[in-house]
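Here's a structure for you.
First chain written, first letter: the chains are A, B, C, D and E, and each begins at residue 1.
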Amino acid sequence: MIEIAVPRVDWYSIAPVVVLVAAALLIILFKAIARDRVRTYEPALLIGVLGLALCAFFLTKQWSVVIDDGPADALAHMIALDGFSVFISVIVIIAAILMLLLSSEYLVARGIESRPEYVALVLMSAAGMVVMASANDLIVVFVALEVLSIPLYVLAAYDRTRARSLEAGIKYFVLGAFSSAILLYGVALIYGATGTTSLEGIQTFLATRVLIHEGTLLAGMVLLLVGLAFKVAAVPFHMWTPDVYEGSPSPVTAFMASATKAAGFAALLRILYTALVQYSHDWRQLLFALALVTLLGGTVGALWQTDLKRLLAYSSIAHAGYILIGVQAGTTQGLQSALVYLFVYAFMTIGAFAIVVALGGTDDVHAISDLRAYGRRRPVVAGLLAFFLLAQAGIPPTAGFIAKLGVFAAAAEAQSYALLIAGVLTSVIGAFFYLKVILTMYAAEDEQPVPDELETAELETGTPHPPVGLPVAAVLCVCVAITIWIGVLPTIIIDFARDASLIL
Amino acid sequence: MIAAARLSETYYLTFAVILFGIGAVGLLVRRNVLVMFMCVELMLNAVNVTFVAFARALNDVTGQAIVFFVLVVAAAEVAVGLAIIVAIFRRRRNGATADDIDLLQG
Amino acid sequence: MPTTALELLDLMWIVPLLPLTGAVVLLFAGKRIGEPKAGWLATAMMALAFVWSVVMFLALISLPGEERKHVSDVFTWLSAGNLKVELGFLADPLSITWILLVTGVGSLIHLYAVGYMKGDERYSRFFAYFNLFATAMLVLVLSSSFLLTFLGWEGVGLCSYLLVGFWFERPRASSASLKAFVTNRVGDFGFMIAMFFIVGAIGSLDYTEMAAQAGGISKDTATAIALLLFVGCIGKSAQIGLHVWLPDAMEGPTPVSALIHAATMVTAGVFLVCRANPFFERSDIALDVVAVVGALTALLAGTVALVQPDIKRVLAYSTVSQLGYMFLAVGVGAYSIAVFFVLAHAFYKAALFLGSGTVIHGTEETQDVRRMGGLRKYMPFTAAGFAIAWLTIAGLPPFSGFWAKDGVLAAAFYDESYFVWAIGLAAALLTGFYMTRETMLVFAGNERFRPEPASADSAVDHALVEHDITASPTVDYGTAVAPAHLGHDPHEGAPTMIFPVVVLAGLAMVAGVLELPFHGLEFLTHWLEPTFGSHEAAKPSSFLSGFGLSMLAVAVGVTGIALAFRLYRRGLEDPRVDPIDAKLGPVGRLFGHAWYYDEGIAAAVGGPLRRGALWTAEVLDQKIIDGAVNGVARGVGAAGTGIRRFQTGLVRQYALGIAAGMAALLIWAIWRVGIN
Amino acid sequence: MGDYPILTAIVATPILGALLVLLTPARRPELARAVGLMMSMATLGFSLLLLWKFRTNFGGFQYLEHNRWFDSLGVGYIVGVDGFSLFMIVATALLFPIGLLASARIEHRAKAYVFWFLMLEGAILGIFLSLDLIAFFVFWEAMLVPMYFLIAGWGSANRKYAATKFFIYTAAGSAFLLAAMLVLAFLHQSDTGTLTFDYRVLAAWTTDGMSSSTEYWLFFGFMAAFAIKAPLVPFHTWLPDVHTEAPTAGSVVLAGVILKMGAYGVLRFGFELFPRASEHFAPLFLTLAVIGIVYGSIVAAMQKDAKRIIAYSSVAHMGFILLGIFSITIFGLDGAVFTMVSHPLTTGALFLVIGMLYERRHTRQIDQFGGIWKSAPKLTALFLIAMFAGIGLPAFSGFVGEFLALLGAFAAHRWWAIVATTGVILGAVYMLWMFQRVFTGVPEGENLEIADANGREMLVVVPLLALSLFIGIYPSPVLDRVEPTVKCVIRNFETRTTTIQRPVSDRMDLSGVKGCR
Amino acid sequence: MLPEVVLFYLFGGLALAGALGVVLMRNPVHSALSLVGVLISIAVLFIIQDAQLLAAVQVIVYAGAIVVLFLFVIMLLGVDREESLDDPLKSQRPLAIAVGVISVAAFVVLADANWTSGDLATRGALKQARTSNVEAVANSLFTTFLWPFQLTAVLLVIAVIGGVVLARRSHLPAREELRELEEQDQLDEQDSEAGKT
């Protein structure tokens, strides 16, 4: 007889994932059994948010366990349970909740079908990200990558009546599959080079041996980097980003920009800082180059964008560059700063996309020129957009500044002076395109007056623009509050990240 | 019968590299989305060969186990990918190639 | 009662405060005070200041000779590092002499202006400026340190600016005021650097410290200080090189010309050299330079004055020339003679200016001497005053001008500075000539101010001077003679205008008694001894040689007068033809154009300098420097466009990007393996 | 000294005011204006209180407040005031109520205007008070935003370009500043083990802790920001563009205090942190300062727009300030700081008058004007006085500063000072020439109709000119408070650099100065 | 049984030829059929390397399910039109081939015939004395790889949901934008037809 010694299942460690998947399945089941007349979307949303909340609850439990007992692994070393995983998971969960809030009216307004499944897919993807955050084995990394990506392919293409959405889906899918094949090949090569896929195993192996033939390992490392760099949208693996961000439904884009980036960086950080820590000298060189071109590419590419979402996409590329500065440092400060950055960026970008949602518009096309004179026409929306853009530009006293300060500090500490200079300079260039949007809203009134009919129509109807719904308003409030709060009193988040940087 | 001398894994691995390369290049040059998917499958298969070869060389189960996961992933990917294509084709009978999907650019 | 005297001297600050009060009151409430009262108020303030100055004089003179130097500090003005500058006043014979001059002559000219400015729309403001000027001038001379002197120095410059440009509607006036101020600033440049040197050398700007320490500094430093101070004097006293502003400054109202540009402000340079004499005394070079510059100025300005057609410009160049004499005097070490010259000059030149003002007033703003003639008939008092002043300036004994000029020339001669002496003598000839020419043309000869019905008057209007800093300066020579326009007879000025002229002329006549070159009669020299120390001008070796020299000077002056008299006794037959033009030919043109100095500067400033500045502003600044800034931005922007071109929207290409990135990283890996 | 956190009150009051303004109803702009004026007046009150209670004969920081901010990065909230910052605070607090009064005619989105204006005030005050590098940088960078909105929202025709240029150009400078700050702090950390951005701690360490070449690099990192902000030629081209487009009050503040931030930065950080580098590169910056004086004047003379002339004149004046600073003498520093106090008054007044002309004629082209003196004598008088105060006429504040700055420069570097002194001539040229073209002559056309200054406008300008006159005649109140700090700086140079040769006339015993670090 | 080397070259060659076929066949149906060839050849290579279980799964899942799915979609959508030979993106092909060749060469150079350097049998030996290879692999799936194994279940659920959601027939009309595009396409078609005639 075959004896299968099933490993002890540590339920605490997998509870967040289980909750999310269960909630997703519950939604599917509910949809399947509910009669046609029954409203399914609102309950699905409710289940989804509750599931996420429950997941958050378990995460707090995990946090206290980790803080008290230190990091641990679980399920045959496949799961790493440490502050890092909880931190990233928190970002993911918050992003998912905010994203669902953003979606709530958006889907209805756009007439997007299969709304309960949408919620389920978001939950599944979030589950994948949580798994990613705690993945302690390259196989889990790969599978988690797929679990988080495949729902996103679907979500990107979710607005099936819109060609742009479908296009975003197919592009994301083709390139995603391509890159995950590359990543997988990297896993294979590293497996060949070290004989294991376990991150700890690799670390131990590399720490105890001196490899004479490093070729396979290095090639594997390169391919892993390519695959993950694709996910975090680093140049030159970024080209999907503008198209997909622009085409996808705005809440999905917000989710991709915040949570997916966090998950991608989670994997990157964990692999580099544990498994390949012996090779930090090498990957720091690679990341140096990647960070440099990412900063430049993202910033420069954004300069002449005419669509707001596309602009935010390029800015998200640039932000990946900043985070890469932190990663590149290869120090605790670097890790910590990257975490803070991810956290802060999630709120800044979701806030910005919340504005995109609030702007309305029929076809999800958001030409910047349409924002003309919004400073007067929709002062609150314009003001908030300006706020988020300035935060992304890293202007104090917003959280964006604290985030950038962290990664720059990491670069300074690690003596990556060239990156430091590149970072500060690109943030200046970056300010240009953020300011361009703001100028359009605030300073363009005289040159081309807003057509009178439009103006009078706005005035007559009283509610010239679709009113901003309560959920979106709530999201905006949260994002503004957090962005200012961290900007003024960053201690809490920095301490949180410091505890989280005790990686397994 | 010639003695079944065990072939060095280098052969298989080199083969896999070439297969991977063909798949990758195919994805780059073909315009039919379905064929592009097939090229991804070629790449995944190359990876599978790699894993199996390493598994034999290392006498380790991991390599073979991973192939299972790859197979599942491949299946899932194909299902979703094809669904997207179907959705697109529902809308657009003509212009079947990847080059026609270029609303988003710049 | 020395204590009382000192206590009184502590109240020196009242002297400048009086006109300052007038200025402030008039500035804020001038309109309400109204036309004649404003003038009277200002005049009264000046008169009071004069009275107080006399009190100061008496207080000072009551002290024994060696103690006639009193500093009274009001408060610390500037205290930085080692440097401490008090806002303090120094009473010594030099400053008291000067305040007597300023307040005395100033009062008279104020009085004159009460009539002269009648009906001007900015009547009260004129007097406000006038009083302000007096304040600044008094501060200048009373100050106890270079820095405070500089304050007054700049203050008089400011008032000069305001007063020259008083009729700012006239482009010529506003240009002239600009020119005056800027040119003066060039001089101030020297003054400031001199102060820096002084601080470096003696660590203080106080005159007291200077007196104590100047002897101990190196000769080179002393030379530098002295020469740089002299640069300031060149600017303020319109010496050659920076003299260009003074003739143009005649665009201001005539009382201004009399007070500022003849009697007081322009002599501030002489005052400064006197005040800073310890530095000058340390440096022979500096003194030589001063003497030579003074002499050359005297000569060259005299040549220019020969042919000017404008009544005030003749006087202006004459002033420049006379100032040259004063510097000649200090340059040969004859400080008290210089002071004496300043006093005498103040009297007669003020009289001349005020007289000319009355003439202008009486002929409805005619300033072209070619359009005057025979005016003595219509304005006898003015003519008399003017004539006395004329004879004084020409150096006829026993008028003060004679004693002053003779003193200067004698000092130069016995200082063995024969070169400057000769130049001075030549200038005396010129002085005699041009002053006679002017007097004759204005007051004697035929009447040329009435319209000639027959000739179609070449009604050449005065071309407007461009509103342009680089516009050609106001050179009048060669301009068409002004059209005659006076339908009625010219009239004599009001009593308030006659009175000062007559008084000043009288003073000019008798001022010689202040300093007679006879032993025991050199009152001024004795009086000023505490300031200039035992230093004395070289003395004639014998009475005979001194007398001979004097006679020579008188002879030269008389020759000039005679020449001019012959030429202009009858006035001009044709107003368009000035006989001296024919006599001098091209040299006359050279003189008339003031040696083309003004025009040369204008051409340089308007031409290459302006083009250079324009190039700097428009090409260097905007195209090159700002262009580089914007070029960087544009370069980044172009990169942005380039990146967008890569983003074709085609998946395959994006995949190629990924693959290429992968290949690049793999190549790095090969390099990495290769180096190990 | 006093347990009352007056410095925090100074920073917080305008920010609080800005938030209060947000709460006022948009339909009642006069309410927003009243709140704004009140809060800025309150700030002025606090700053005057500070001025009153400020201890003279003490070179160090007073009213220090030291609070933790985020320790993990070694960042604290440290504020303190010394002779350098004191008058910058007062000048800032003075200019803002005046600016608000001068903006009374702004109807367009007045509430937002007041909001941004107060935010700007808060940020600027923060800059002058912060003693923590990061806190300083936070304010330094945060200052850009309100200024940006003020230009972009209420500027003239080309405001988009100007606002963007202002933001990007100056931010580019501060980018290097941030980088250098971080590197400095982490070098300190690797040397001593503590991570801190407290500039006093770092200043005590730098000379011993790092090689001179490192110090040079970091110094240039700091100077990049300060040179652009100051601005030194050739980094000045943003200034005229911004001045031309900014609203009047914006220009007043910009020329008045924002430019001073650059000079202040050099004094506070450049000198204290990097004495060796400052001393070593002083000739370079002296040269740039002299170029600034001469070049700024020449270019100013050729401008056709009145505001651009004043803008370039600011370049020249900042040249004097930097000349004084880099002379590294007591005189020079005294003069530089004094000019920093005086320049806001005079240039502020000039910009206000130009703004009034612009409100009346809607142009600033010089050739559009002429003969204003006749139609608006009071306005002209204001300009005239401001102009002479600005070109350094003795008895006005400008002279004292310029004189001392030049004196210091002369003591240390004779030829630089001599060339710089030509600025005195050139200053007269461009200002008087402009005055001639704008105000003299016979008014024609619209210039005939120009209304004279009204009571409010007099109220706005006269205090500035009166103050300029006051401290011009009686500068001791300023110099007495500035000089102890100056002496501390000089002593710092003497103790920490081996090469410095103090000029004789400037040499004095500095051991008695109290409060020096 | 033939020696390994022969089998390797035979099926390896077949697989490569098939792969080239996938890439080069102009008709997607032909490509799909070539893919089947590749998959089966690889299954054989698996068998050679003692991965019998995988070989079976390969044939069943890949050849049996995935390729069939491909063919099904091709038939369903009728997209079996042949691709034109020239690439509108002129530089794409040369660059792609260059990148491909460089990458492949890079791998080979990097490995330098020393691909494997890891420890042996870190997670259980493949060849054990008593148990079969199948057993070992299966055992590891339920023990060591339990977590990823469970996750694949989630993955499959996702695939099902995604597939259903996307491929489901929509009740909504296409939006303007799509119609425009379609019209555009039709116009293009007409143009090209006109060009042909």
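Just so it is clear, a residue touches a chain if its C-beta (ideal position, glycine included) is under 8 Å from a C-beta of that chain, and two chains touch if they have at least 3 such contacts.
The model shown is predicted, which means the values in this text are computed figures rather than measured ones.
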Q. When you check each chain against chain B and chain E, which touch both of them?
A. A, C
(Q) Please report the smallest number of touch steps linking chain C to chain D. (A) 1
Q. Which chain is the middle one, judged by CA centres?
A. D
Q) Just how far, in Å, is the C-alpha centre of chain B from the one of chain A? A) 27
Q: Determine the centre-to-centre distance between chain B and chain D, using the mean Cα coordinates as centres, and give it in whole Å.
A: 65
Q) So, what's the distance in Å between the C-alpha centres of chain E and chain C? A) 99
Q. Taking each chain's centre as the mean of its CA atoms, how far is chain D from chain E in angstrom?
A. 68
**Q.** For chain E, residues that touch 2 or more chains besides their own
**A.** 89, 92, 95-96, 99-100, 103, 106-107, 109-111, 115-116, 118-123, 139, 144-145, 148, 152, 155, 158-159, 162, 164-166, 170, 174, 178, 181
(Q) Quick check on chain B: which residues sit in contact with 2+ other chains? (A) 13, 20, 23-24, 27-31, 36-37, 53-54, 57-58, 60, 62-63, 65, 69, 73, 76-77, 80, 83-85, 87, 90-92, 98-99, 101-106
Q. In chain A, which residues are in touch with two or more of the other chains?
A. 139, 143, 146, 150, 153-154, 157, 160-161, 163-164, 169-171, 174, 178, 182, 189, 191-192, 195-196, 215, 218-219, 242-243, 305, 429, 432
Q) What pairs of chains are touching here? A) A-B, A-C, A-D, A-E, B-C, B-E, C-D, C-E
**Q.** Touching residues on chain A, where the partner in the complex is chain B
**A.** 139, 142-143, 146, 150, 153-154, 157, 160-161, 163-164, 166-171, 173-174, 177-178, 180-182, 184-185, 187-189, 191-192, 195-197, 242-244, 246-247, 305-306, 310
Q) Considering the complex alone, what residue numbers of chain C touch chain A? A) 633, 636-637, 639-641, 643-644, 646-647, 649, 651, 653-655, 657-658, 660-662, 664-666, 668-669, 672-673, 676
**Q.** chain A - residues contacting chain D, complex
**A.** 375-376, 390, 395-397, 401-402, 405-406, 408-409, 411-413, 417, 420-421, 424-425, 427-429, 431-432, 435-436, 438-439, 442-444, 446, 489-491, 494-495, 498
(Q) Quick check: in the complex, which residue numbers of chain C touch chain B? (A) 644, 647-652, 655-656, 659
Q: Spell out the residues on chain D that touch chain C in their complex, using ranges where they run on.
A: 168-169, 233-234, 236-238, 295, 298-299, 301-303, 329-331, 334-335, 370-371, 373-374, 388, 393-395, 399-400, 403-404, 406-407, 410-411, 417-418, 421-422, 424-425, 428-429, 432-433, 436-437, 439-442, 473-476, 479-480, 483, 503-508
